[in-house]
Amino acid sequence: MLILGCDVGAITTKTVIFGDDGIVAYDITANNGNLTKVVEKSVDNVISKAGVSLDGIDVKAGTGMGERYIPFDHITEGIIKCLAVAAHRIHPHTRTIVDMGGLVTTAISINEKGKVLEYRTSDKCASGCGFFLRLAAQALEMKVEDFGKLILPYEESAHMGTQCAVFGESEIVSHINDGVEPEKIAAGINHSLGRSVTTMINRIGGIKDIVATGGVAKNKGVIRAIEETLGMEVITLSSIDEQLLGALGAALCAQQRVQQG
Amino acid sequence: MTAIEELKKLPSREKNPYIKEWKADGRKIVGFTCHYAPKEIFAAAGIFPYRLEARGTKETGLADVYYHRFNCTYSRCILQEGLSGGYDFLDGVCFLNGCEQIRRMYEVWQEAVPSTDYQYMVTVPHSIYDEGFEWYKEEIFRFKEDLMSNFSLRLNNSDLQLSIGVYNESKHLLKELYELRKADNPPISGTEAMKIIFAADIMPREKYNTLLKKSLKQIRSRDGIKDYKARIMIGGSPLDDTQLIEIIESLGGIVVTDTLCGGSRNFQEFVEVEQDGDPLAAIARCYYYSNPCPRMLGHFKSRLQYTEKIAKEANVDGIILQRVVFCDNHAVENTMLTDELEPKGIPVLNLEREHMLTDVGRMRTRIEAFIERISRR
Amino acid sequence: MIYVGCDVGSLSGEAVIIEDDAIVMHDIIRVRTRPEQTALEVTQKALAKAKMSFDDIDYCVSTGYGREKIPFAQSSISEISCHGRGAQWANPSVRTIIDIGGQDAKVIRVDKYGYMVDFVMNDKCAAGTGRFLEGMARVLGVELEDLAALSSGATSPVALTKTCTVLSQFEVLYMLNDGVDKINIAAGINRAMAERISKLAKRVGIREGVAITGGVAKNFAVVQSLIEVLGVEFVSLGDVDPQIVGALGAALFAKERWQKARQREATPAGGNKDTKNVCT
Amino acid sequence: MAEYSDRKDRTITTRWQITGDLAKFILTQDLTHLDDWGGKEAVREVLPEHYQKNFDLVQTDLVNCLLEEKNRKTAMGFAECMGNWGDWFHSQLDQGKKVIYHYFVHTIEPMLALDLAPLCLEVLSGLSAALYTDGCEEGIDTMHAEGYPDHLCSSNMGGAGFLLKGYVPQPDAFLKGTTPCDPSNRVYEYLAHKFNAPLIVVETPYYMNERALKFLTNEMKRMIGKLEKIAGKKIDEDKLRESIKLSNETGEYILKIQELRKLVPCPDTGWHRPADTIFTAQMGTPFSRDYFKGLYEVVKERADKGQGVIPEGKKEIRLAWGYTWECFDLPFFNWLENKHGAIYTEDCLTLFPADYAMIDTTNMETMIEGLAQRLMQVPMARQAMSWSDTWINDFVDVARAYKIDALAIGGHMACKHFWALNKLLTDKVKEKTGVPALRFEMDMMDKRFTSPSELKRIMDDFFATF
């Protein structure tokens, strides 16, 4: 059975095709303008990679902020459940998931069966999310990808105090003006992000294993910062791209439904 | 090190030498959260009252687990210190229902700061009148009883009289310091003065008085500061360090007075025990009827008068009313004061800030522009 | 005498050269990473166009976000004073200036001499600033300059409910995807902008003779909505580019300071007495 | 049908009168959804002309929600209470009665007994937010424009803004207890100063014990004394008794309904909670009594038949809200029931303690002490005036008594109290009862903060985890 899972997030759309022996193909496409077109593009990519046609797909499932823009019939799944199910499948010891997405960070505590016990989302503020990294990268004239490489101890990094993503930008500019090296500023941003994420993990009383997912999880600097403040190991999954868990979860949830009839 | 230097450089919390010294001879230190805490009683019983502050606190990660971004960073920074062990040296904390953000800390503290084994809540009415006074007086009395029994201490009226004497002297000395700042060419900058003032609530008072006396002598012998562009009064949310004042003065302003809790509001009234009067009642009266905090409902006019009086006495060119974001009391108070003072020709700058100063660039622009505005007058 | 005003903001840098009482030349560039770079380049360009060099400058005042970092400026003044001064010089009837910069929105009141008497500046939020429009343009996939034109002919402008500059970008993104007409969204954006600024303006109180400066002044749609929301007409700044008003003000202060310095040299005694009255 | 006034200072209250009559008119038509008659525009055309403008203001979804069978009856009660109250208030104004703006926790019996015209600032915000498409946003924005920040409470700001705009009568006095919070205290302080009107402060102590009751009883006496000065007469004991008998009766209904909500399936629908709070602010009037009486009868009837309010075949998910309801989208509660089978059993603003005072009307003394009792027990004041434990334990009890599946908590943005104790609350409830909690940010009256669609998205994600 082939299942398509599509996760339309804030800044990227992720699609996977899930077969009997795991992920057949996946695609990550950046959102710009028309989300329906983005979804179509992402789906086209993934089915061509998998060498199947859309009709060849048995079940289609969608999740994420922009789920309603998926143009074809599909089963709708809640993003929180998707993340839980997927994390549990890939890393059964997962008890805490911290998903660091483009606009929202979510900390989820699950039980040994992968059931969601409790979760908290990073409320209505863009600070401490992937979008903030983007703004920061722009201001520093760096690539977001390079941020992760910049790891410094908290004390040696530039201090980022502001709560607001936009003024975070202006704080960066004033650091630049004060002649602080971009590396230190970037490291400081990783720390401020990492610390706000740690707080969220603590809100649900982070039990290990703690698994980090979402685009920001690719930033090792942030992961280090979380581990530093949390005093615990944070696992990043090697067997799958961190951004895919929502999409995979959607496929898995749909599979369950179908099997239960 | 001169007395001035010693007061100015006095470190807070664990680095504060007096804490070690005090505890060394097995004496107790009890923290308190707001102006309405009866410090004289602590001191009379041989307890060192330490005003909770969050000087130099850079982040609120631990506090935000319990509190939220909609709580002000002043309360969150203090909680952060509690949660990160900054206040492990305290034998107890006296909370007050000053504002709900500080007041609600009581339960969190109880839950998450195990090092503090003694906690008490003194509640202050939200308006000033005789029945309210009776309530507060009883609160003070109950607190004293509880404090005594908890630390198995004894306290008689002469102890209280003594301690009242110490604190009254302190107030006289602080008044004198503020008098010196009123001069056309003040012998001391606002930054220095506020550092000295902040030291009062984080060290034993007798020692403080001796150092302050020495300092005043040194200060009096100085030449005044002439090259400033504007005399400024600062008011609003509680300040516990001088970062903001340093910015103001680095831009050519001089802070000559304030209406801050922990600043000028600290020494306006003296505790006066009438013949064979009850010292506890006298203490209660002094705190309760002192010029009101914005939390007090229905007393805006007296706060306005107080602001105008202080500003006039120090002949200020303008007033900077700052507030911590999400501080409801000062948010409304500052706006109301501005709407009253500006029409009377008293320039006011409203500033929003976080407790840990951030985004300094834009802050400087606003302050510099304000100084440019008022220094032409 | 040659006076230069140099304004380094968060998005762009401007330089104005005045000789006696006339603008000789000005230039505008987008900011470089460091303010001193921006200042140097923009001033050089302006000087070059005027066939001058740094040696010709008698006095230079810097202003704007990076004002304290400009090596070749003798002194610096906040952009708030400078905008007031510049606008009032451009049109003596000006008493209120609305300046919308990259991350600041300011409303400034001046006296008949161009000296600032009161001002407000946006506090904890960047809503209602150039950043807001920038982000929106990005989402709409148009150039910042084209945002104004886009909104013309809007039938029912959308209501933007989010204040946060970041969150409202996503609000707009979803509107687009729900098939809302770009024209109406653009109009809604300009409207929201105007309403946020009018909230500021009400705080200091508008006085007749309102001028609008800063980059956003070139967005006629925002300006139009502001006229509607505030119920005032804007006075013209003549041929002065609204984006250089800050730098112009700085240049005017440069002149004033140069002359004051001269007076002091003339009367060496009694330096300190009038410090309180010198606007430095 | 009552006279509608076109006076500017009656804009809001007249709006309520018309909406009340309009609702009665629509609810008596053979209509279960506006689309039956071709949608809102089409219905507008067949409406009597004097309703049309008002109809434009009313939220479409709300009309459709109230037209549903299970809601019609109580919707009628809602409309009548609102309309009658509006008529009565205007008649008070016409007789030149003095207008007292009061905070919603205050029992209004003494004001009624003094022939004053009480108007609750928070009801001004709440009813507008509940009924109309633009809610109380104009009021809120007016306050912002005056320089008052967005972290003050919209429930005060909306009404305050209407007052500044002159949409409601000029105040003769303000009445404010010092509970629950600083933001509300400050807004009343500002208004009293701005309108140069007396501010009657009722000092509410921190504790809930004999000492506090004694103190508060004395406060009640002081309050009545001050109100008497404004009314220019002594309080009429019989009038007070009459009014308190009404509020006793109302209180009994409220407690009975509360008991019934504990039943499985729950016989009461969620949108009543905001409505309840709004009309408890009128306890002591016949309108309020009639509303709760009507509500009781409907709920009782269902309970007797063992009926719930969720669609056939859906599994009932029982929620308690842990904090305030939202009132910018009443149909949201209906949506919870219809889509997710989730019922909204209780929240912080409708949770009356079982010992909520039935006031002994023997004499002045007993009545005044009773009023003091109530001020200590009335929702919000009860939770906010004292230790966090009061609030937390209340919801531990709720979780048990109402057999709650989950605490869903939309934390009201302005409420520093809640945000300071949110973790203690959710942790304790979970520890004691195993009930998990969802917590998110919203504003109870300003839909611009968390929009209805966001709210639904949040709930969808939440229920998906069940």
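In order of appearance the chains are A, B, C and D, and numbering begins at 1 in each one.
FYI, contacts are C-beta pairs under 8 Å (C-beta built on N, C-alpha and C of every residue); 3 or more make two chains touch, one makes a residue touch a chain.
Please read these numbers as outputs of a predicted model, since none were measured by experiment.
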item: Neighbouring chains shared between subunit A and subunit B, ordered by label; value: C, D
item: Per Cα centroids, the chain farthest from subunit A; value: B
item: Rounded Å distance, subunit B centre to subunit D centre (Cα mean); value: 39
item: Shared-contact residues (touching 2 or more other chains) in subunit D; value: 146-147, 423, 441, 449
item: In subunit C, residues with contacts to at least two other chains; value: 65, 103, 124
item: Interface hub residues of subunit A, defined as touching at least two other chains; value: 123-125, 167, 170, 173, 177, 203
item: Overall pattern in which the protein chains touch one another (line/ring/star/complete/other); value: complete
item: Touch list for subunit D against partner subunit B, complex; value: 146-149, 151-152, 176, 178, 181-183, 185-190, 192-193, 199, 201, 203, 205-207, 215, 218-219, 222, 384, 387-389, 411, 413-417, 419-424, 441
item: Footprint of subunit D on subunit A - complex, ascending; value: 65, 77-81, 84, 115-121, 123-124, 203
item: Interfacial residue positions of subunit B with respect to subunit C in the complex; value: 226-230, 252, 325, 342, 347, 350-352, 361-362, 365-366, 368-369, 372-373, 375-376
item: Footprint of subunit B on subunit A - complex, ascending; value: 123, 125, 159, 161-163, 167, 170-171, 173-174, 177, 192, 195-196, 198-199, 202-203, 229
item: Partner subunit C, residues of subunit A touching it in the complex; value: 10, 31-36, 66, 69, 103, 124-126, 131, 135, 141, 164-167, 169-170, 173, 176-177
